[in-house]
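Shared between the two complexes below is chain A, which has chain B as its partner in the first and chain C in the second.
Coming up: the complex of A and B.
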């Protein structure tokens, strides 16, 4: 189990390593990088005990239409702080999710989702600028071929999520 | 002369002590510095480990997101830590994510697995610490920090400098203390040496020093096959100065004598004062007898002029004995004794002169020693006897007195003449006991005769007093006790004191004589004409009788006539009776009878005889000398 985990982590590190090496032989897919970011966000986020008991899996939800879905599904069964990731190909019901990844396809139902999310402890990660600007906890963007993110602390607080200061330090902006 | 060796040794010892202390201090300092270095380095490593842990903790997100900028920002915080020269964040594969370098330090390489295991590494000029970074339960990278030891070493250098300065200061202080202590010890030693070897009165070497120097001189003479001359000098009549002017004057005189000796003698002659009024001069080499003679003469000449002491002009002479090593003795003790013997001969020959030691002197001295040793036992062994010589009144032809004369038959030496043993007894002090015994025996015998009625016609039993006895303060008590014990009337006792003894201490003796006279004791001056009597004293002495010295009697008729006649005339005019002793011939008897002498004593009449013989004589003659003897004249 341990060696398997090490292998997986090794793969992730290799992935990230490639990210930092612009002259690397293989161009890495932007989606894979974003999926890795999502994984890292989960690592630096703390959920209240009642929604994520010790050893319970983390539900990572994204609609199958999301371009990231394929990359995200690679995260299935990976372990974050002792919690196995379970990838679900739906965004509803949102209350069953721990991490909810959205993109521009989700713009229409965002208003609806936002209402459902009120009082829920969900880490919303948006790959769409308008959703990011409208109450998503973390918004991803690509800036000069580098992936960056912004954090909406008001949204994080209302979701009662505790984001690590280490993560906040890396954010391009924190509101 | 032999103080240089120990002094050098002392200096060497002190230097060795200081060097030992310096070495110990050096070792201690080095140990301290090493300990200090290890402690400082340990503290530095601990600091770094705290820092590397903080950096490691803060760089986990940067590693996860591969955010080099965030990593570098984290590392930039190290800029405030002055000893940190370089730091890097590596991912798990060893790729550098971010690095920090102070100035132009090279970028750090990824840590080896061994370094990751231990966490730190000490090099000569730097310390490396490595911390693994964990996140999500995984090791995701490392942080390596390198700190230079330059600051530490410069602090250590300052510390070492301070230690060195303190060590040097304490060494200098210790050296100063040791030096001053050594100086004090040396002063004390020098003072002790001075006290032990120098005579305080004259500042000359003392007896102790003399023994050392003489021993040294003899050794030198043995090696060089030369001789050593020893002059022993004794001041004549020094005691008189001490007794009359006090010890201060005596000491002052000794100092002046010492100064004069130093001026007179060559610088290589060694002059020591070995006690009392005795000085010795070691002359090297002493092969030339004439030179020794001339040294002795020079000394006598130098002492001839008067000394000014406390306002008095003192004339002092000396008697010198000369002995030569190895001719006269084979060792220092004997050599000194030989010189002493020669000196005594010089004294006996009339003082103010010198004598060179001869073997015959030694023999005489030996005999003297033997006599003294035997004389001390003579009283206990009953070897002494009194003989009595009758004294005849010329007018009545009767025995009017007897003189008690001491005889000694030693069981070892045989018969010893009083001329030999009396001076020995005088010198050794035995004379006091001897004199008391004579007085006691004579008085007891006289009492016996008196009880037998044999002393009816006899006026006096004469006993001789020695010089030493007259100085004995208990003399008068002794005489009174003896008279009381024997019941002998004081008038029957006659004390004979020689003119010489009487004149030695006139005032005290006049007093003594008055006490004798007061007790009723008859007094007679013995050996009259040989001393230096002053006529005025003669008048003042409460005496009854003069005895013409036998030397004048011997010379009559002839050279002695004038003196004998004069003494008789003078005595008669002073109302004193005159005794002639040593009368041996009819011619002498005739002359003295003619001259008016009152009483005679001598072989012509009777030899000194033991008690039974005299008792018989007294009994037979009924104390009346038969006329034949007188008629012969």
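Coming up: the complex of A and C.
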């Protein structure tokens, strides 16, 4: 009885162990993963010709205080749809950015940034819940150790950005 | 107790081998990083991440030696109750009588105490009911653990902020919000002893940013047939309690958070069969059970962040019902013990950073116990007790955290309390937090705390065997506590803690039995002292492996108190397994020998293991937990209501879980 139980226990553990073994991807540092998401957001976004001419670089902006800044810097010189990424430390003006990554350190200046960005073709990506809920185009979050994102279509429309249907399909929610 | 229930070196060896195995499996995950921009986006969405932030920073600055348990720790270890979480925390230990879980700390766990000396808060709202002051730590806790964001165990006196009950410590549970749990999830569990559980939850965020969360769960377990030699006679089923170790429970959580306002409703009900024949019940009677039901509403308003003054206002209300069905010794009638508590209150507080170098906190806390009713009657038969009361408590507190130079901070707090029927009391706390070097912090903490006697201790009256006499004149108990601690962080990922404490308790409320009298009575005991030391080592590795190990030593009074182990040791390990979708966790706990009311209970070593597969199928997570991995036999001391000197605990238990997100 006892040994049979032990065998069953062993079998169960072995089963789960075996399921663990195959080469699924290894866990990734959260900030590196978020930077990879930002890269993909750029891949699946279309900017109007007048702000992103063929071959022109994509300006990816974030404040140096943003914990993602280091990970985002690794995207420098990578190429997206024929455009080289140029990572910039956000000073002013933010209207020159194509992608602007925000975090909780930007909360206080967000109201002012929003005014500045009105009508500009900037893909705002927020890693802060309150900014995500307050007009950023894309909001990032972590759920059960995975990164998820939500898209605010009203914000995308007012920035006159064309987000691909694939991006919208992969979003947790589109509003 | 047999010799096999004592700790054996083989246990430690086996645990060590397992830990090594975990380490080896974890190793491949340390491989070189990949270029994530080359991975298809769909695949990125399924990959797990680990966070770079290692420890909650403010824990270093807190005026106490806080242990923070995160949602990730809970998931890694497969913990099901707060009691299981507490077992892993430095300096804490848990006793279980197959009815409730009782928490002990630093040498104190009084028989007959329903966790009254710990204040349990969920999002700042008091969970301890207002009749027994019970902090529910087992299945009767009103929240499923997967809805918790983090738990802070704050040892030491907390009355300077929280008033009564924050005596040995405060347990702060912070729940997750709807936006963090966006989506729908279904969870199913099955395990040994007929354990079954189903839960559903749904979280979403509206276009306006309002977060909603709804979660419900239902569970049952059959338990096991248990043998108690104390009842081994032919007319008592030869000492076997059959089919009455069952447990059933339901929980519900609803929360809305939008802008400055959040409202939470929590409800839980738990029914537990009582197999031990406690309180002189008829042994092995299937009618024997207790029911705990609690409903809590908490509404919080907070002014916008960023201003120099931050205001918060909270209104709360609670409802608690207890029902105990105790068949009398001859099985002729069932004695019903029933209590009902209803309370509401409000708390106002302000944090000001107007003065440079100061963080000032001030608050007013009011609670009205609109109904405190205790009833006891026989069915069929007579009323034995109908005690109805009302009470109130008011507290006024201030705290200042001030910088004294660049390396030193002082945290000074003071609270004045008035509880019904008792004179006012002032509870101070002072903490000095000094950075000796960039890596090493020294803390000196001094404070006092109190606990007002509760309605059960003062007014409950039941004559006869297993009964209790009232003591309306019972005074409050107070504690005078001092602690010195060193926290060393040689790197971002490592923390070493050493702490020494001294507690002096005056008027300790103690359940006392007298020769020739069948009832017990709560009385204020003479002064009791406890002192001790604790060490802890925490380490996190790249790729998400974590370790926490601690040792605690405590000594009480002249000779060890009942249920107070001198030695406690703990080890918690968690690491990614294999290629990364899995995580494995192992915990090993040693609880030293304890004095019971009759004889000693030997020390024991317990190990639990858990494996989580985060993506068995897309959006599906599975886990397998093995509790009491080596099937150790161990027991906890019984209390005055038990005929058993020691109450045997569960052997090896398995639990499989599967959850699916939509």
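Convention: the second predicted complex is superposed on the first by the 147 of 175 C-alpha atoms of A that agree within 3 Å, B and C clash if a C-alpha of one lies under 4 Å from a C-alpha of the other, contacts with A are read in each partner's own complex, and residues count from 1 in each chain.
Everything below uses one rule, namely that a residue touches a chain if its C-beta (ideal position, glycine included) is under 8 Å from a C-beta of that chain, and two chains touch if they have at least 3 such contacts.
Only a predicted model underlies this, so the values are computations on that prediction, with no experimental measurement involved.
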Partner touching more residues of chain A, whether chain B or chain C: C
Partner chain(s) touched by A:170 [first = chain B, second = chain C, both, neither]: both
Contacts of A:119 with chain B and chain C, given as first, second, both or neither: neither
Partner chain(s) touched by A:134 [first = chain B, second = chain C, both, neither]: second
Touching partner for A:29 - first (chain B), second (chain C), both, neither: second
First, second, both or neither for A:55, with chain B first and chain C second: neither
First (chain B), second (chain C), both or neither touched by A:37: both
Overlap of the chain B and chain C footprints on chain A, listed as residue numbers: 5, 9, 13, 16-17, 19-20, 37, 40, 43-44, 166, 170
List of chain B residues in touch with chain A within their complex: 58, 60-62, 64-68, 70, 73, 91-93, 95, 97, 135-138, 140
Complex contact set, residues of chain A against chain C: 5, 9, 12-13, 16-17, 19-33, 35-37, 39-40, 43-44, 67, 75, 78, 107-108, 129-130, 133-134, 141-148, 150, 166, 170, 172-173, 175
Footprint of chain B on chain A - complex, ascending: 5-6, 9-10, 13-14, 16-17, 19-20, 37, 40, 43-44, 79-82, 164, 166-167, 169-170
Sites on chain C touched by chain A in the complex: 28-29, 31, 33-34, 36-37, 39, 41-52, 72, 75, 179-183, 204-205, 207-209, 305-306, 543-544, 576-582, 611, 613-616, 621-622, 624, 626, 652, 654, 656, 661
